[in-house]
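Each in structure tokens, the structures are laid out below.
In what follows, chain A forms one complex with chain B and a second complex with chain C.
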Partner chain A sequence: MSKVLSNKKMIALLVLPGIIIFCLVILVPIFMSVFYSVTDYNGIDAMKFVGLTNYKKLIMDDKIMWLSIRNVFILSAGLIIIQHPLSIVCAIYVDKAGGVWEKIFRVLIFIPSMTSVVVTAKLWMNMLDPTFGLVNKILKAVGLTSWCQAWMTETTTALIAIVLIEIWVGFGWSMLIYYAGVKGIPADQIDAARIDGAADGHLITKIILPQLKPIIRINITLAIVNALKMMETVYLTTNGAPGNATQFVANYLYVKAFSDQKYGYANAISVVFIVICLIANFITKQITAERGEK
Partner chain B sequence: MIAEKKKKWKRARLLILLSVVALLNLFPLVWLLDYSLLSNSDFYGDSIMKLPAPPLWSNYFSAIVDGKFFNYLLNSLFITGITIAVVITLSICLGYALIRMKWKGSRFVYTLLITGIMIPIHTTLLPNFFAFQAYGILNTRIALILPYIAFSMSLGLFIMSGFIEGIPRSLEEAAVMDGCGVLRIIKNVVIPLSKPAAVTVATMTFFNCWNEFIMAATYTSSDTIRTLPFAVMNFSGKYTSNYTVQFAVMFLSTVPAIIIFILFNKQMTKGIIAGAIKE
Partner chain C sequence: MKKILAYLLVISIVFAMTGCAGETASNDNDSQYAKTDEKITIRFFSNLPDRSTGQGKLEQMIMDNYCKENPNVTFEVETLDDVSFSQKLKAYIASNNLPDMLYVNSLPAEITPLLNSNALADLSEEDYENYDFIQGALDGYKFDGKLYGLPRNTDFMVLYYNQALFDQYDLDFPTNLEELKHCSEVFLKNGIIPCSLSGQEQWPLALYFQEVILKTSGNQQEIYDAVDRKIQFSGNDNFIKAIELMQELTKSNFAQEGFAASEYGAAMNLFTQGKAAMYYMGEWDMGMATDETLPEEFRENVRAGYLPAFTENGKNTDLVAWYGGGYGVSANSKLKDECIKFLNYLMKPENWAKLSWENGLNFPAQDATKYVSDNDSQLQKDLVEILANASSTSGVDFYDSSTSEFMTACMSICQNAVSGNASAEECLAELDKAADTAKSDMEK
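After this line comes the complex of A and B, so read on.
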């Protein structure tokens, strides 16, 4: 047995293809990033070593970077405070529907989450169009003409719009994950509470929510990860505008790299971004582990 | 009798409520479908929704023919299909070698590969752009498939290794007694038992690749190899002011994913849940 399992040639055969791909596409690029981040490379002029200048500028002087990080927090908060309660309630109701209806609603509610970001971004740009958009048309139809505005070009409404788009896009995912949590609660506990005459609200707060705790933790982690990795929706709608009010870290990195061609600086953002992600992951893991022991 | 009636009414109320939620949630897509069957002048009009009478199917004709819809669809199917097959194969091979086989450094390699889950793809865009240029694979299908595999492999390995750990060792011992080597153990014991994990890996990989945009936008430029999201991008460049035709392409490009989701609903729902919880 152990002879078979320590066959060196076999191990190499099984492991090397994966390791090579990982190194080629993930590990080597990260080392390249670290290398370029201490230079002023711009693709044209000769590269010069500039030490930690890029990092210093990024952390001390770059308001846009801090604005992007703030927006990541706003988006996570939006997902956790608005999306999650809605999806928990929705998950409970879908579970209650039972039979064919349960399946139908499960599919229907998940459909927007299957739509590509190009479609959702363009769709919402059209719906929020100041002259022909659906949102302003609806406001006009109900007599709120004064509320009509250019949603995507005003500082506050643009950010709110982006958060709402993300809430809509991710609703199916978070609903489905909470739904799995609700399904995992033993039916006899719910039935017992029902027989005792517990009202729906009581049932949710006293029986369902406490049992959902691990799932809530997973979903909160996912919300933070998704907010950190937020890029495509911004890139395809406002690209950070107006000003940099809707800028996010990943998109800022892309702008610096591919529009401004500041390769050195962009790579410094990359490295800081990776560190932020690793720290965020570490903190959420820590919190999860601590609570899990209880 | 009264209790029965009350129960029925309660259930009806629940279904109505859910229908309202589903409708609100789907409304943007319904609006998109509605206007994709209308003429462009309707988009400039005042109405919120309009019955398409008669529906303007020519929008969809333009979407399919001028939008080269099937070209993009085939590219998406090809690239996603290959990626899923390779990711499953690699995660089984890696999972078995890292979890069950005995060698120095297996722990280190495992931790290293798993860290890939946390690395945002965006941080590798710029260096990979240069690297792919140097390898000469920029604007080829490999420039898409390679990073898609790399970024799905870490999660694939994580899911698969959790599963392989749970396979009883006695099964493998029996296989060795019968004179099986590692490859036969994988083929006869591991693969048949890890089908549920493979479904999860396939589902997560599908979602990672099918609608992927920013890597494809960065590493490729020619429309003959690009995937479905670019049907929309390319078309909106051609028909800038004809909104309803653009809507037809947008709606059409979401249909394949919806069909795939309905066809494999049971497996994919399980896959999404298992994948998300593992992550």
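After this line comes the complex of A and C, so read on.
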């Protein structure tokens, strides 16, 4: 076998199917997107070359696109600032619980992530319904009637609601990754710190968090990627409404392509989308890189 | 030997990949050469996901009857709600993979992409001389003298109401805005939602927007002139007044809280469960009166009336009405003849028109007067009266009368206008921008 694997032709031949698939499903569509983005293709009529018109309109005139990008950043910030710290704390305490409780908590916390997006979206739509929703009913029951809202229809609360739903939906994954990181910290380090008199706070800040740095980096990258790809929850709850207050780049692309039949323009959005992904990935890598790693 | 095995491994991977494609190709060939006397499967794409009530039930019922009479035919039905249907249809058109038979909306924003891509089979108009279609009903499907589809409904917007709730609070059905506001106040005082509106799909609010403008100005044409750029939306007193009145009504909690995010089914449930006294929707929901899953008390008390006039200029009896949905056959379908045969069966007066009327499921685009009987529900009688007494009808609704992009923009703007998330001036300026873009796109 080692003889076979040292044969470069053989290696190339074995890798070839993978490369062909990669080219067909990743590279070719990207190049096709770039091609269509400089046309006025509408899916029916013969396409015309329009140069950079779509990009110019997208960048200079399209307020909804910029609003969508802003929303992506708000969601990323929500995930990084709210979801991740909670996930880390949760992961540490689930690990600490031990025994049966550790297993029970782990399963319970992961349930939302295992549930279909359609179910979670409809569940939250019902929970946030201003007429019969649980959220407003609870607020009324505890005397906070003035806090009751039409959560999904007010421009001020709809985006917050989407961010909170996403934090809830993705919490299981985020916690699970941190949990795996916490489990990977050698027990003797923690024991040694405890013997030296470290309290819980010190243990977390001086031992656990530094060890979790690579995991935090991965989770931040995943959060940004998820925010950029945000589509299903928005489509199934507000579809960008009210107005375009909860519009996200991926959903906007879909609307432009399949509601407005502006395939050329939608492809321009997808190319800009790829560029944003690359920039976001680069910046994240720079920010979270260890010293000397850059 | 190991080298030979390795090569075999690579070859088997390549064969496994190409093998799948080969299998698909062979399936395609099977359907290509299918003969009508052999077992055939018609791909049917519908916008009626609920197959147990209303028009979906009727569509399925006739399909099942057809299969019994033609045992070699089966249907592969794909259903989606209106918005998703419209989006997937455009994807089908772009990929040149239209199902054999499909729901076709005759509204320009919907049917134009199908006609431009020559996707619909033309039908022989003479075949339908005895099908009792109401005069003008086929017009939306005719282009360049050819017929491309058959309509199934006469569509118009009404205000459904629960007579029992009106009686309980000693109220009459409103005939003007002041009475509407009074009813609204009384219902609110008693914990009842005055009117249920569905906003998540956006189009019901766009229709409500058009009707409020109509009931404010009394002018059917004005909004279409603005779409055609003969006049501006901005600065038009009728449009401003109408939006201000509808926002005033919204602020007074006329509709349920958060109605802009209410799904169609949820909004309808509020009404059918007696939580809301009125419900603004099209005549196609007439099946509420015969749906046995709904409380009997509700079924006996559901009625329909005109959305009242908002000013002295508006007329109660002006209607937003059009011939909307129907059916067509894919021009490229290998089962085109069989599909046309089924379409003719589906739309036979004794099938679609008779069954829909007798079961109280919808308002056909065919003459149903010969099926009217004393057994009809009060709701059916109300709807017949509403249409018969209409002083004017709109034809194609305004947001569907231009491009697909205009339609999307319009629905979003109307949602904002009705829910009060933007001022009248802001909404009208946005409409002007959308109409300008649509016009320049159409002129290209």
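Convention: the second predicted complex is superposed on the first by the 252 of 294 C-alpha atoms of A that agree within 3 Å, B and C clash if a C-alpha of one lies under 4 Å from a C-alpha of the other, contacts with A are read in each partner's own complex, and residues count from 1 in each chain.
Convention: a residue touches a chain if its C-beta (ideal position, glycine included) is under 8 Å from a C-beta of that chain, and two chains touch if they have at least 3 such contacts.
Owing to the predicted nature of the structure, the values given are computational and were not obtained by experimental measurement.
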item: Which of chain B and chain C A:Ala150 touches, first, second, both or neither; value: second
item: Chain B versus chain C as contact partner of A:Met231, first or second or both or neither; value: first
item: Which of chain B and chain C A:Pro130 touches, first, second, both or neither; value: second
item: First (chain B), second (chain C), both or neither touched by A:Val4; value: both
item: Superposition-derived comparison: chain B or chain C, residues of chain A touched; value: B
item: Partner chain in contact with A:Leu14 - chain B first, chain C second, else both or neither; value: both
item: Chain B versus chain C as contact partner of A:Ala268, first or second or both or neither; value: neither
item: Which of chain B and chain C A:Ile208 touches, first, second, both or neither; value: neither
item: First, second, both or neither for A:Phe258, with chain B first and chain C second; value: both
item: Chain A residues contacted in one complex by chain B, in the other by chain C; value: 1, 4, 7, 10, 14, 17, 21, 254, 258, 263
item: Contact set on chain A toward chain C in their complex; value: 1, 3-4, 7, 10, 13-14, 16-17, 21, 40, 43-45, 125, 129-131, 150-155, 158, 237-245, 254-255, 258-263
item: In the complex with chain A, residue positions of chain C that touch it; value: 2-3, 6-7, 9-10, 13-14, 17, 83, 86-88, 90-91, 93-94, 113, 116-117, 193, 199-200, 202, 256-263, 266, 270, 275, 403-405, 407-408, 412, 415-416, 419, 421-422, 444
item: Complex interface listing, chain A residues touching chain B; value: 1-2, 4-8, 10-11, 14-15, 17-19, 21-22, 24-30, 32-33, 36, 90, 93-94, 96-97, 101, 103, 105-112, 114-119, 122-124, 126-127, 132, 134, 137-138, 140-141, 168, 171-173, 176-177, 179-180, 215, 218, 222, 225, 228-229, 231-232, 235-236, 250, 253-254, 257-258, 263, 266-267, 270-271, 273-274, 277-278, 281
item: Residue ranges of chain B touching chain A (in the complex, touch as defined); value: 14-15, 17-18, 21-22, 25-26, 28-29, 31-32, 43-44, 46-48, 90, 93-94, 96-98, 100-103, 109, 112-113, 116, 118-128, 130-131, 146-147, 149-151, 153-154, 157, 172-173, 176, 180-183, 185, 210-211, 213-214, 218, 228-230, 232-233, 236, 243, 246-247, 250, 253-254, 257-258, 261-262, 265, 269, 272-273, 276-277, 279
